[in-house]
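Have a look at this one.
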Amino acid sequence: MKSQIITFLIKCPDQKGLVAKTTNFFYNGGFNIISCQQYVNSIEDKFFMRIRVVSDETVALSKKQLEERFNLLASEFKIDWKVDYGRIKQKVAIMVSNTSHNLYDLLHRHKEEKLNCDITMVVSNHEKLKPIADMFEIPFYYMPVSKETKDSQERELIDLFTSHHIDLIVMARYMQILSSNFIGVFPEKIINIHHSFLPAFQGANPYKRAYERGVKLIGATAHYATEYLDEGPIIEQGVERVSHESTPTSLKKIGADIETMVLARAVSCHLNNQIIIDGNKAIVFPEPGE
Amino acid sequence: MKSQIITFLIKCPDQKGLVAKTTNFFYNGGFNIISCQQYVNSIEDKFFMRIRVVSDETVALSKKQLEERFNLLASEFKIDWKVDYGRIKQKVAIMVSNTSHNLYDLLHRHKEEKLNCDITMVVSNHEKLKPIADMFEIPFYYMPVSKETKDSQERELIDLFTSHHIDLIVMARYMQILSSNFIGVFPEKIINIHHSFLPAFQGANPYKRAYERGVKLIGATAHYATEYLDEGPIIEQGVERVSHESTPTSLKKIGADIETMVLARAVSCHLNNQIIIDGNKAIVFPEPGE
Amino acid sequence: MKSQIITFLIKCPDQKGLVAKTTNFFYNGGFNIISCQQYVNSIEDKFFMRIRVVSDETVALSKKQLEERFNLLASEFKIDWKVDYGRIKQKVAIMVSNTSHNLYDLLHRHKEEKLNCDITMVVSNHEKLKPIADMFEIPFYYMPVSKETKDSQERELIDLFTSHHIDLIVMARYMQILSSNFIGVFPEKIINIHHSFLPAFQGANPYKRAYERGVKLIGATAHYATEYLDEGPIIEQGVERVSHESTPTSLKKIGADIETMVLARAVSCHLNNQIIIDGNKAIVFPEPGE
Amino acid sequence: MKSQIITFLIKCPDQKGLVAKTTNFFYNGGFNIISCQQYVNSIEDKFFMRIRVVSDETVALSKKQLEERFNLLASEFKIDWKVDYGRIKQKVAIMVSNTSHNLYDLLHRHKEEKLNCDITMVVSNHEKLKPIADMFEIPFYYMPVSKETKDSQERELIDLFTSHHIDLIVMARYMQILSSNFIGVFPEKIINIHHSFLPAFQGANPYKRAYERGVKLIGATAHYATEYLDEGPIIEQGVERVSHESTPTSLKKIGADIETMVLARAVSCHLNNQIIIDGNKAIVFPEPGE
């Protein structure tokens, strides 16, 4: 574990001594603390921490030893935790239907090594975007779906993602509602982009409804998918000014750029271990200084 | 009508020749066109125009003559229109409850002559903000209300506003729901500030609900009040980034500044004759160059 | 000229009757006016208009006839004008060096038919981005340059662009300063993206200098190139919040997304005939309703 | 020191063990850590921390004892530090000339207890804004200045501020350049609002110059005053979109609202002990959760 950055994400009931004991744990273990971010929800008495440490050459601990020792601290404070050793890139599957802007953006960032992951595949219920996957030399899986085949298609999706050890599923404008069953198989592992400023315009046709309502700003929301449609933990949101002159068509164009930026940021925060999910909320620690 | 700016607001079915005939009407009448803004809603085939003209010394038309002549054009094109001669300041009543930021802001802009109106009175169902009205030397009317007295209080409000010839009622965080009856007396004359980004968090306690939903942006919306709560034509909206660290209390603080800016802009657009209401939408023509 | 949209861009000294006479010209000529946008600079007494008209089936005028007739009006009012018949797509050359985000973005928008133009070629003083041009099947010209060969390279560039009838040159992070001579050959036809919020951080290394200055917002600026470096007419600008935690590297990342959006919008406004250049300023008429 | 929040602001060379040892110091001293924010500038190897602790009933340390003990840690790590016990409100002087929007805003926030300070006085080189100070019942000092009396006026200002134990001087559009001598007396204690997006349009008449340059966004900057005009550490910046239609007058109006928000936020961050100054930069720790 020499000179690698290790990230711990921690949540537990708020208690005295948490910061001191946790930082001591790593300091005494021979780690240098690169950053230590906390958030205390004092309304619900909960404590959250993201701590990034680097092992120096003298650290003789194996992963197993480190985790065993940390578990002792975790039991004392009832800590729920995750660790990432930063060595292995996460495997990502992108799901799309017929809309291309998010797909282009994610594939180009990936190709330019701006997204810390391996995009393993693009999956779609339509064939239309296959040429884009081809351009970027990413395997494309065409998996059509109808009312009748929805169950079997989802089973195939589950098999596909499981067999490829997919760590993150990005729904980059996949226009099918996934079943609770499917979502349950990948908890905290599905990010969706919704083309409105949630909770406004939940559900279908948000731009048409935004036009009809005459709003002066439109937005997009990236969130984790849960069994409740468009109600999962929000990771990132963006907005842009519009005017009475906007039509559903022009809102769609303006919205495309917001969706692109919002989804890219959300995926990047996830891959960078900046997020702790707590119930229906996403705690997103900033990391501007990278 | 020498050297005064006259503003016509026009709406009608879209037809060929509208721009040419309307601008000709004023040109041939001896007016100089300062600005001529159109908006064509090509989905619904509607035409909207805001045209500002200035009479020069040779114009011998009286208001009555001008309006009679314009009516000939209006009948030809089925134009629904309004005119403002810019001479008499609109009379404004501000309604508040216990929250002061919008009141301070509107009164200070008024005092500094940044709002083109006479603020005639402040009306409240509480006495708390009377000292602010006093500071700015604006008459304050304390009109308490309870479930039992709601009808009679509204009748008194109507009498008060009517007898003072109030042109615009600004609900600057007045925390009572006005009846359809009251609203019907002042059509297109009541502006409300709602402390959320509508249609998100319609109704009560938007900041608390924004906290619970874990949104990453909060907003405020100024709209005309109609009989449907928080559903009237939107004039202006604003947003600000927030994070998981925000509490209902901090959201309220951040929100106060958004509410202040959004309401001030909306009131200014209304007073400046920039708005045409069309069904449930507000067409707001820009006027940045003043 | 049946059912095609024709756009006139007009500038002249401000005078009485301009709107009426211009709109009449088109109305009487049998055109329907789709939109008519004016801007009066009352400080400098200048008038600007963008008028979009559509010919109907009864219009028997040829282009030549239309232009001849319009010239009569133009002489009367000293109008400087341009017309676009919207039939032929403009030919665009993109110039790059080693930075890819703007190139990816423009090529993807072009491929998805979101940019109303033909991207005819990508030109670079480096070979690094050739694979991207190849992916999108756009001819790539490698034209290296050194101090010694600068003059001859520019001559070759001029030949290349002239022989291909290039209408617009987009400098999408081309890191060479073009000579006044080169720029003079393509007046109002070169758009550059500068990676700062001009006039802040004009010149080299803006992100490094933004870091050193400790700014809390960074930006990007798209402008027409003139002989004065980074001082040409500004078309579009964007900003994003940053914090003390930002490093030159993270500013570069954040900035890349701003540059991408700002350049795409500027190019789109140019191609859509929304811009009139007046001295060192760009008048950019909005077109949100498309 | 029972149940009071104590804030330490710390800067030192980056070293291993800083977080652990500092948090231990407070934990072992019987304090509960409310928040602990760090920033490591890894380019310059500097460490910054803002730590907020609350003493519980068992803490028997006096201020003096606490500070003596902390000094031991400070010597070990070469820590430069400040502490605030949050009991005594800072005394603030506001300096203005003829522009009122910032003054209204600060006085109203103060009156509504939204600014954690005592505004002790308003000082101006003009009499124009006296009525505003009177409205809010804040002592107003009229201190005119001319080229000849500049030195003596500054000496009187120094006497006035010193004798009233002023902790913070807010230049809320005070249109005189203060001498290095004056500024040297109040290091890190003068906040200025500049009406442009620094470093753009440093110096006089920024809105006029913004109009002439044809920018598409304007801004405002709050910064600490240093001997170099408009070059001190930036605390906060804001921007707003403008268009070619903007005039110097309309830019001034739009700018007034940006200035108001930006200065209020900067003053609030200062009063809330969120800022550490490092050379020419301000490290501003967020505090959204209050």
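Miscellaneous remarks
Each chain gets a letter, A, B, C and D, in the order it is written, and its residues are counted from 1.
As a working rule, a residue touches a chain if its C-beta (ideal position, glycine included) is under 8 Å from a C-beta of that chain, and two chains touch if they have at least 3 such contacts.
All values derive from a computational prediction rather than experimental measurement.
Counted by C-beta pairs in contact, the busier of A-B and A-C is A-B.
Farthest chain from chain B, judged by C-alpha centroids: A. We define each chain's centre as the mean of its Cα atoms; on that basis chain A and chain C are separated by 37 Å.
Between chain A and chain B the centroid-to-centroid distance comes to 42 Å (mean Cα coordinates, whole Å). The set of chain A residues touching two or more other chains comprises 39, 42, 243, 245, 247, 289.
Those residues of chain B that touch chain D in the complex are listed here as 100-101, 104, 108, 112, 114, 135-136, 242-243, 245-247, 249-250, 253-254, 257, 261, 264, 286, 288-290.
Contact residues of chain D toward chain A in the complex are 16-21, 23-24, 26-28, 32-40, 42, 241, 289. Residues of chain D touching chain C in their complex: 39, 42-43, 197-201, 213-217, 219, 233-239, 243-245, 247, 280-284.
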